[in-house]
Amino acid sequence: MEIRATEIMAAAGARELKNGETVVVGIGLPQVACFLAKATHAPELTPLLEIGVANMRPKDTPVGLADSRIFYRATCWSGFLDVMGMNLHRGIVDTGFLGALEVDRFGNINTTLSKHGGKLRYFNGSAGGNDVASLAKRVIVIMRHEARKLPVAVAHLTSPGFPGGKPRADLDLRGGGPHRIITDKAVLGFDAGTRTAQLVSLHPGISFDDVAANTGFPLQRPDSIAVTSLPTAEQLRILREEIDPKSVYLGQAL
Amino acid sequence: MTGKIRTVTEVVKTVPDGAHIALGGFAIARSVVAVVHELIRQKKRDLTLSQGVAGLDTDLLVGAGAVARLIIGGGSLDRFGPVHCINRARESGSLSFEDWSSLSICFRYLAGALGLSFIPIKSLIASEILDRLENGAGAVQVKAIACPFTGERYVAMKALVPDICFVHVQIADSEGNCRILGPRWDNEEQAKAADRLVVVAEEIVSTDEIRREPERTIIPAHRVEAVIHQPFGAYPASVFGCYDYDAAHLKLYVEHSRDARKITDYIDEYIRGTADHSAYLEKAAPLQQRSALKARPVLGY
Amino acid sequence: MEIRATEIMAAAGARELKNGETVVVGIGLPQVACFLAKATHAPELTPLLEIGVANMRPKDTPVGLADSRIFYRATCWSGFLDVMGMNLHRGIVDTGFLGALEVDRFGNINTTLSKHGGKLRYFNGSAGGNDVASLAKRVIVIMRHEARKLPVAVAHLTSPGFPGGKPRADLDLRGGGPHRIITDKAVLGFDAGTRTAQLVSLHPGISFDDVAANTGFPLQRPDSIAVTSLPTAEQLRILREEIDPKSVYLGQAL
Amino acid sequence: MTGKIRTVTEVVKTVPDGAHIALGGFAIARSVVAVVHELIRQKKRDLTLSQGVAGLDTDLLVGAGAVARLIIGGGSLDRFGPVHCINRARESGSLSFEDWSSLSICFRYLAGALGLSFIPIKSLIASEILDRLENGAGAVQVKAIACPFTGERYVAMKALVPDICFVHVQIADSEGNCRILGPRWDNEEQAKAADRLVVVAEEIVSTDEIRREPERTIIPAHRVEAVIHQPFGAYPASVFGCYDYDAAHLKLYVEHSRDARKITDYIDEYIRGTADHSAYLEKAAPLQQRSALKARPVLGY
């Protein structure tokens, strides 16, 4: 079976996680990436769910954060106040994974509304997104690579990256802000000086022009272009046989 | 002894139009469906609703036109879809809307529960959520402040004190001592912030049973005004340890909620068209179907 | 067996509690008074302990608040944050019982230090005392009647009654403040206008002069003097057979 | 697998002189005696101690002269007596002392646990406790503020963030997932406020056992640096569900603590004179005596 973009994304996400870290995850690829890391180089990773869950063992492919299947056999069931108050707001969450409708060049995230074709449409809003983006030491966004999803400026700044390109400290934000945007075509990072999104690596077989053409903000062509490492055979086996045997998360169109 | 056990009909009669109601559900889990249906049957109006992450319960109330003001951190029906009725109401501007985050709603409930009139937070900062609050309905709920000791800047938020909170729990005694199985999101804080608290319980146990494991009592009886005993009271949402969500009925709901006319059809058929929750259950999920949803004891779903 | 002062005090304390109320109690006579009320006219009384206990059924005469015997068979075990934060600070505690080294004419309580004979001696301090005195709707003090324990002004204002005789609201205090001082000789209350301690009733066989001589602040002789009701035979039976069969609390010298 | 299991000796070696230590005991319940004894054996100095209601553990450390600063809400050994060593130190002015109340200490820990640099409270107002804080060691910890929304006046308190917290629990796994049986006073807030957290557990269970009842996990493993497995680790204090306090030894302790010289005799004999907690237990309460203190399963004491 050919390696799928979702599998490359999951492996890229896993690679960002160090052993012993505390990670706030959501349903889908973030959770898959986290459990891939936990099954390989980071066995002491602690995944947290905002609803009040630590170190769960999801079962039978849950449909969402409130699905009993996702918090199966956790080591702790508490609530928002513990996970988001006494962990995230306390400043001990290393990495937070987020999805997005839109992410702009400064890593600002929109999960609230779209204005495509002049028509205003509302979506889920923040939930824990603004809290994670504001407070986690490092934020990783996993999303589909599409020009309209990566605009120069988000239609609504739900969760702050580097608003106005300013340093987070100048804005009184505690967390470290956006670290990676992992898409089905590439991995993006942020320039320490300009705080704008930069290419980190292209997935195998994807050209820079393809990525640039599908990115709504200007993307600088690096002198030398790195290629995203493919998942190892062992990682693929774990992904396909252990973490997502029914291919629910890895099989979906993003 | 019956203690504080009341029917949902009795309890909902005591909820005035315009009341601020806090709902205990999260997306499609422990949604207070039995209460929401009765609020719709009794044609309650102009409600203010607050909730951490809105789901089926709130979407239904908004779809029925019972809500004047929403105070939520977000909303979703998980993979079954967005909260169409809520989003449509926002697009049409048919209700006053306050957009927060999960933690900011939780902190506001915590302040209410602790009797603090305000609480600081480091979320919301430098976001359009805060801009919209400051320039809209939330203007009197947020204010920039500095720590009197460190000078660090915070967003001060006004405490959230609902008139009445409805929480769906798995286990209670007739006095209102409640156990919540699985994650509790912001249920404890919202329940203890509210001026009135009503719980809906899947199972009623004796107070002697409660006294065997007092650590598990999340809400003690003296905080509770009434206990509604309603098995499958959250259907089609899930209640961990009791039953799974009904994927088929949730799909049916989402199909209807996409469209303003069709949601009315749904409400007419399943809610206004049924006398009470038992009649609704018989119509939407006859016994055999409910049995199939029952949780397996070890899995809990 | 003759009726003991402690039994009159317990009955007087119980009389102040209404059915359905929430009451913060401590070890000893407050707890005895609360359970006497619960066993008679106030079955739906909810006793709370600051350590995180609701509606306990004490057993085998506990020695203190941290004794496992006092929180036996409670309906809820939580912590300070629930009982003192989400109940007391929330403003839903009707009555708080307190003991004291000293209580002055304005109901201010000292549990911190004594200066008798010029020698400074420290005691237990506030624990939950200042919190109860600040926040409960109504405070009842149970103590021995002795001139040096009822001074014009406390040697240390640990817990506020009506400091300086001022209305509580003027001091930004939320709770209602002191309501009764129940001693082995009399029941004292507080004048609504002057907020000073006044005689409410003398225990049977106790003279006003005796009480006045054993009160460190001036006590006004009422035109007509009420007598504290004795416990009923049923109350005595409950006290002696059910609540304190070993006479640990009722038998002690206060 | 041993996971985070460490000996009390190893752990105490990592505590620097002058550290701010939060202790989890309350009067004579779940006192962290094993840790305090080792702190004394290793001659730690200039410690800052914080605790809601000080008891045996703190009184011992003060009696041993290891404490430079005390931050407590109160102190007692229940009916066995006052905390003589602490009171004597106050009378002689031999340590810096901050007198608070149970709730104000709990709120300060809560602020620390939530990552808030301050928290408001309606206790302490119009009391000499506040006067002394404002005019003494606590001056930089309290400040009068007004609610930005209601104008109501509060005492703002600085968050309390201990360098290291020691909590005695009944049950933990080797990773540090902890259950606390019985009332928890301010243990959860102080544990989650501290920069480092070490738990002393009476019994070690498997993580699979923890996963069977995740609602009972009060402290999750990722917050815990080390787990000390020490049965009778709180002796002569009580641990609900495990053993009762030893009234005879507590009387003996109080007799010695009344007098500065005699407390030194006690410490020399029972602490400095014993190599470790096992030797101390053998000396103070041989097996037969410990067996007699074991809790009956239903009563819990």
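Each chain carries a letter (A, B, C and D) given by its place in the written order, and its residues are counted from 1.
Operating definition for what follows: contacts are C-beta pairs under 8 Å (C-beta built on N, C-alpha and C of every residue); 3 or more make two chains touch, one makes a residue touch a chain.
Bear in mind that the values here come from a model prediction, so they are computed numbers and not experimental data.
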{"item": "Distance from subunit C to subunit B - Cα centre to Cα centre, in angstrom", "value": "40"}
{"item": "Centre-to-centre distance between subunit B and subunit A (centres being mean Cα positions), rounded to whole Å", "value": "28"}
{"item": "Centre distance in Å when subunit A and subunit C are each reduced to the mean of their C-alpha atoms", "value": "58"}
{"item": "Of all residues in subunit B, the ones touching two or more other chains", "value": "115-116, 122, 152, 182, 215"}
{"item": "Contacts with two or more other chains, residues of subunit C listed in rising order", "value": "53, 71, 77-78, 81, 85, 89, 135, 174"}
{"item": "Graph class of chain-chain contacts, one of line, ring, star, complete, other", "value": "other"}
{"item": "Every chain pair in contact, whichever chains are involved", "value": "A-B, A-D, B-C, B-D, C-D"}
{"item": "Subunit D-facing residues of subunit B, complex", "value": "115-120, 122, 140-141, 143, 145, 147-150, 152, 154, 156, 158, 180-182, 215-216"}
{"item": "Residues on subunit D engaged by subunit C in the complex (per definition of touch)", "value": "26-29, 52-53, 55, 72-76, 78-80, 82-83, 86-87, 90-91, 99-104, 106-107, 110, 121-129, 152-153, 182-189, 238, 240, 244-245, 247, 295, 299-301"}
{"item": "Of subunit B, residues touching subunit C in the complex", "value": "113-116, 173, 175, 177, 192, 207, 210-211, 214-215, 217, 220-223"}
{"item": "Touching residues on subunit C, where the partner in the complex is subunit B", "value": "22, 46, 53-55, 57, 71, 73-78, 81-82, 85-86, 89-92, 135, 174"}
{"item": "Subunit A residues within the subunit B interface of the complex", "value": "27, 49-53, 59, 63-69, 71-72, 77-81, 84-85, 88-89, 111-112, 120-131, 134-135, 156-160, 163, 171-174"}
